[in-house]
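Reading through the structure tokens given below for one structure.
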Amino acid sequence: METTRTYRPAVPTARDSFGRLLLAEWTKLRSVRRWVLGLLAAAVLTIVISLLAAAGSGTDANQEPDFVVGPDGQPVVDDFHFVHQPLSGDGSVTARVRTQENSQQWAGAGVMLKESTVSGSPYAAIMVTPRHGVRLRSNFTTDLPGSADTVPRWLRLTRSGTSVTGYESADGVAWRKVGTVDLHGLPQSVEIGLFVSSPPEITIERQAGSTSVGGRPTSGTATFDHVQVEAARPQQPATWANEDVGRSPARGEATEAGGTFTVTGSGEIAPNPPPDDVVQISLFGAFVGLMAIVAVGVLFITSEYKRGMIRTTFAASPRRGRVLAAKAIVIGVATFAVGMVASVTAFLLAQPILRDNGFAPPAFPRPSLSEGPVLRAVVGTAAFLAVIAVFSLGAGALLRRSAGAISAVIALLLLPAIIATVLPLSAARWLMRVTPAGGFAIQRAKEPTEALVEPWTMIGPWTGFGVLCAYAAVTLALAFWLLRRRDA
Amino acid sequence: MDATIETRNLRKCYGRTVAVDDLSFTVTPGQVTAFVGPNGAGKSTTMRMILGLDAPDEGTALVGGQPYQRLRTPLRAVGALLDAAAVHPGRRARDHLRWMAHAGGLPRRRVEEVLELVGLASVAGRRAGGFSQGMRQRLGIAGALLGDPPVLLFDEPVNGLDPEGIRWIRGLLRSLAAEGRAVLVSSHLMSELEGGADQLLVIGRGRLIADTSVRDLLAAASEDRVLLRTARRSEAMTLLANAGATVAATDREALTVSGLPAERIVALLSERGLPFSEVAPHRASLEEAYMELTRDAVEFHTSTGRET
Amino acid sequence: MRRALRAEWTKLRTVSSTAWLLLAAVTFTVAVSTLATASVDTSQCPTPTTCFEDTTKLSLTGVWLGQIAVVVLAVLAMTNEYDTGMIHTTLAANPQRGMVFVTKATVVTATVLAAATVGVLGSLLAARTILPGNGFTPANGYPPLSLADEPTLRAAVGTVLYLGLVALLSLGVGTAIRDTAGAITTVLTLLFVFPVIAAFVTDPQWHERLQKLAPMTAGLAIQATKGLDQLPIRPWAGLGVLAAYAGTAMLVGAALFKLRDA
């Protein structure tokens, strides 16, 4: 018998390389028109539905503001009772907070230096709180912790130029510096004195099948003694004035007897952005786009089982784990690319529409792709779609039938979010943590909050995304294990 | 690589059904080996075990002395056509071969070469869903030949083909074997393999019934049988039966006589003066020989209303 | 007609996936209903009597998951014939395509209605046992769930009908699209995407429009037993919206079935 002629390819002997496998799977994906159209449809749906959502959303937050504009243009609330006198140039204020009523865990009693009594103007304050110790705060966003002690406590603020330093002490003799803040552009003349604030208590109420979150106003009283204001430059003797700054929910008051001030105040000094997340609204179409992604991801593997082509695939590549890995990479990368185009386009196109509908500064500062959270939301949405594609692939590899895999993935992604809207908040939060539906949280540019009832606002973006990734990983791992054990 | 397929004591059960039982054989290069047996005999299962797709419960299957899983570039070593319908209908024929080439580490130009070889070059850009049965088989064969492998497995390649297609495949298999490759073809129809196979592996109910060359099988089945054509059938039948032969009527004018040598038959007939037009050694057809062999192994007999 | 009905029934009951899907429909419905009911109590209401919790609607929450099994079952009833090529056999035995379509629809819907009844009764029973423990007692104004109560009966019957309509919708879409994956994805998108969109859209006009026109949201209005005047759409009208979707899908499917090559 003559031996067969050995086939000598013009190309050097190709190794059994993973790169070739990726190329093979990419050829499979791009050569079925339906799948390509499915991916494109996902992008189109994402963009179109996002634009529809943007067009259908409106707000009157700027017309009926429940906020004032802070020093850096952000919406804030600035309500408290202020006992103050003018200060020109450098100086300091010292006081001992003797008692503080625990009207709310973040109620504040302390000393403050403020540009003026206009609500929203720049300030620096050092205060004690019933549950969170001493805090040095400034311009609504800076919050430096001091000691964890509570009343009685000595507090001091010292101004030098535009720089303000806060100190605390247990006895009025040994002072500890808490921190220094810089108030750009602080004028010579400022107001300085004592203040009391008391934020509203968050109430969660369930009625008629839905939960609502509200705020019950609180009011607290604190007593101050050993109050002293010192000025570097001699000035005219001043008298204390007191008033409610901003729109305090309850009228505050202050009385003085023998050097002891009793001050009652209510209200909150904090950022107060309206809860709507314009970035999430503009990426919202991904809810619909993902349906096409699930279908393509599942079909990418189940179609091979249906027609028996899986045998050809495994005969060409007996190392089945690598086939699964190659498929996952190809579908994941392709979906990510499509997703990026979709999410960037949707974001850019939706912003002007949203601005026209009232989502404009100052209530809603313009989001820009150069900001971390916005970039996280936009890129995160593309990543979210890519992980869904891989999750679908894993489900398809496990179940081997398209009907079951598609239904299971869609159910796990959408149902928990829908059901969560009728359940109490704690149950809703739990659902977001244990099901892949939590992945929608990656679309938010704002932080999770207790004040909203939409389920995807309850968990952090990386937490939610992590849950989705865990589901995808476990499904793939199970599929990997079963693939090698089962007959083709 | 040594172009052989070897199985040793292969066994596979699906639940309580024993699909393959203690199967051992060797397929050698240079000839077409036909794997034949009734439907459900275990042929496809065996082929899948050789390709490492199904895991045997016991025993081993080796290609070129190695299990399939250990081959570095399997498509260069073994080419297989298991199911011609295993193509996505929405995919173009060329793309189907292309992904196989990529997965198998083969150069792209092989795709065009095999398309030429099987005669599908003109329809390579068409989607496989629009292919006829014959074109699909050709596509499957093209895929098997992509790596120009020394070992080839074809599972029922002529299923559903027209006579011209069957002839083409037979010729192709022969030429592939003549190049020195090992070719294993499975079939459940003997007539298609007539003239196409050299070695037979006959399998029934999962067991190997015969491992023989076609020539030997035919010879064994044809022994002692003589074809007799005569117009005076009944008289000839009685005469020969009385002489101790077993006589069967084959059709209107022909008789098959076994148990007497041809000269003796001629002598007997001449004695009586019975005319006859033909006395010839009966060449059993492969189909007859095979039916003999597998009569007990057919699991799903049909029943005819009457014996014709 | 009887012959065709028997043929369709045989086809449906002898496929193993049918039994599994029906079982899934029932268990998913009861399980999710039970979990939802168990997670709600009166502690977060201002007072237990002012909860105004629609306990009947809450106890039938599971249908949101159970309907997925119904969708798959009804889609497969038609697309499976195309996948396996059995449609040729079916039409050869019975060339009257209209008849084939109607009998298939009848058999599938009847089966789904039966399973739905079991699921709904199971959910109500489970809720009846759990609710008093969570503070929804007669003393607080929540009599035990009972079918003798007219709104509850309406909600229960309506939910069963809802699942039947979902089956018809799926069958229609499956017949029109003929592809399992495509049909299932389409129906699930139609059902699930609208409630999610509605959660986002803040414009009250659009919000109400979505609630009135979305098949699942409108259809499930039938489950409401309290606060009926605040609903975006009245119960039977909501079910009617879903019926309109199902009817359209069936008509389109039937037309395509009759006119296209098999």
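All chains are identified by letter, namely A, B and C, in their written order; residue positions are counted from 1 within each chain.
Simple rule for what comes next: a residue touches a chain if its C-beta (ideal position, glycine included) is under 8 Å from a C-beta of that chain, and two chains touch if they have at least 3 such contacts.
Only a predicted model underlies this, so the values are computations on that prediction, with no experimental measurement involved.
Undergrad: Please find the path from chain A to chain C through touching chains that uses the fewest steps, and give that number.
TA: 1
Undergrad: Compare the CA centroid of chain C with every other chain's and tell me the farthest one.
TA: B
Undergrad: If I average the Cα coordinates per chain and compare with the overall Cα mean, which chain comes out closest?
TA: When every chain is reduced to its C-alpha mean, the one closest to the whole-protein mean is C.
Undergrad: Express in whole angstrom the distance between the two chain centres, defined as the mean CA positions of chain A and chain C.
TA: Chain centres of chain A and chain C, defined by C-alpha means, are spaced 36 Å apart.
Undergrad: Rounded to the nearest whole Å, what is the centre-to-centre distance of chain B and chain C, using the mean of the C-alpha atoms as each centre?
TA: Going by mean C-alpha positions, chain B sits 54 Å from chain C.
Undergrad: Taking each chain's centre as its mean C-alpha position, how far apart are chain A and chain B in Å?
TA: Whole-Å distance between the two chain centres: 68.
Undergrad: In their shared complex, at which residues does chain C touch chain A?
TA: Listed in rising order, the residues are 32, 36, 39-41, 44-46, 50-54, 57-58, 61, 64-65, 68-69, 71-72, 75-76, 83, 180-182, 184-185, 188-189, 192-193, 195-197, 199-203, 206, 226-227, 230.
Undergrad: Give the list of chain A residues in touch with chain C in this complex.
TA: It comes out as residues 49, 53, 56-59, 204-209, 211, 276, 281, 284, 287-288, 291-292, 294-295, 298-299, 302, 306, 402-404, 406-407, 410-411, 414-415, 417-419, 421-424, 427, 454.
Undergrad: Which residues of chain A touch chain B in the complex?
TA: Its residues touching chain B are 1-5, 7, 9-11, 13-17, 20-21, 23-25, 27-28, 31-34, 303, 307-309, 311-319, 487-488.
Undergrad: Hey, which residues of chain B end up touching chain A in the complex?
TA: Residues of chain B touching chain A: 3, 29-30, 48, 51-55, 68-69, 71-76, 78, 80, 82-83, 85-88, 90-92, 95-96, 98-107, 109-110, 143, 147-148, 150, 179-181.
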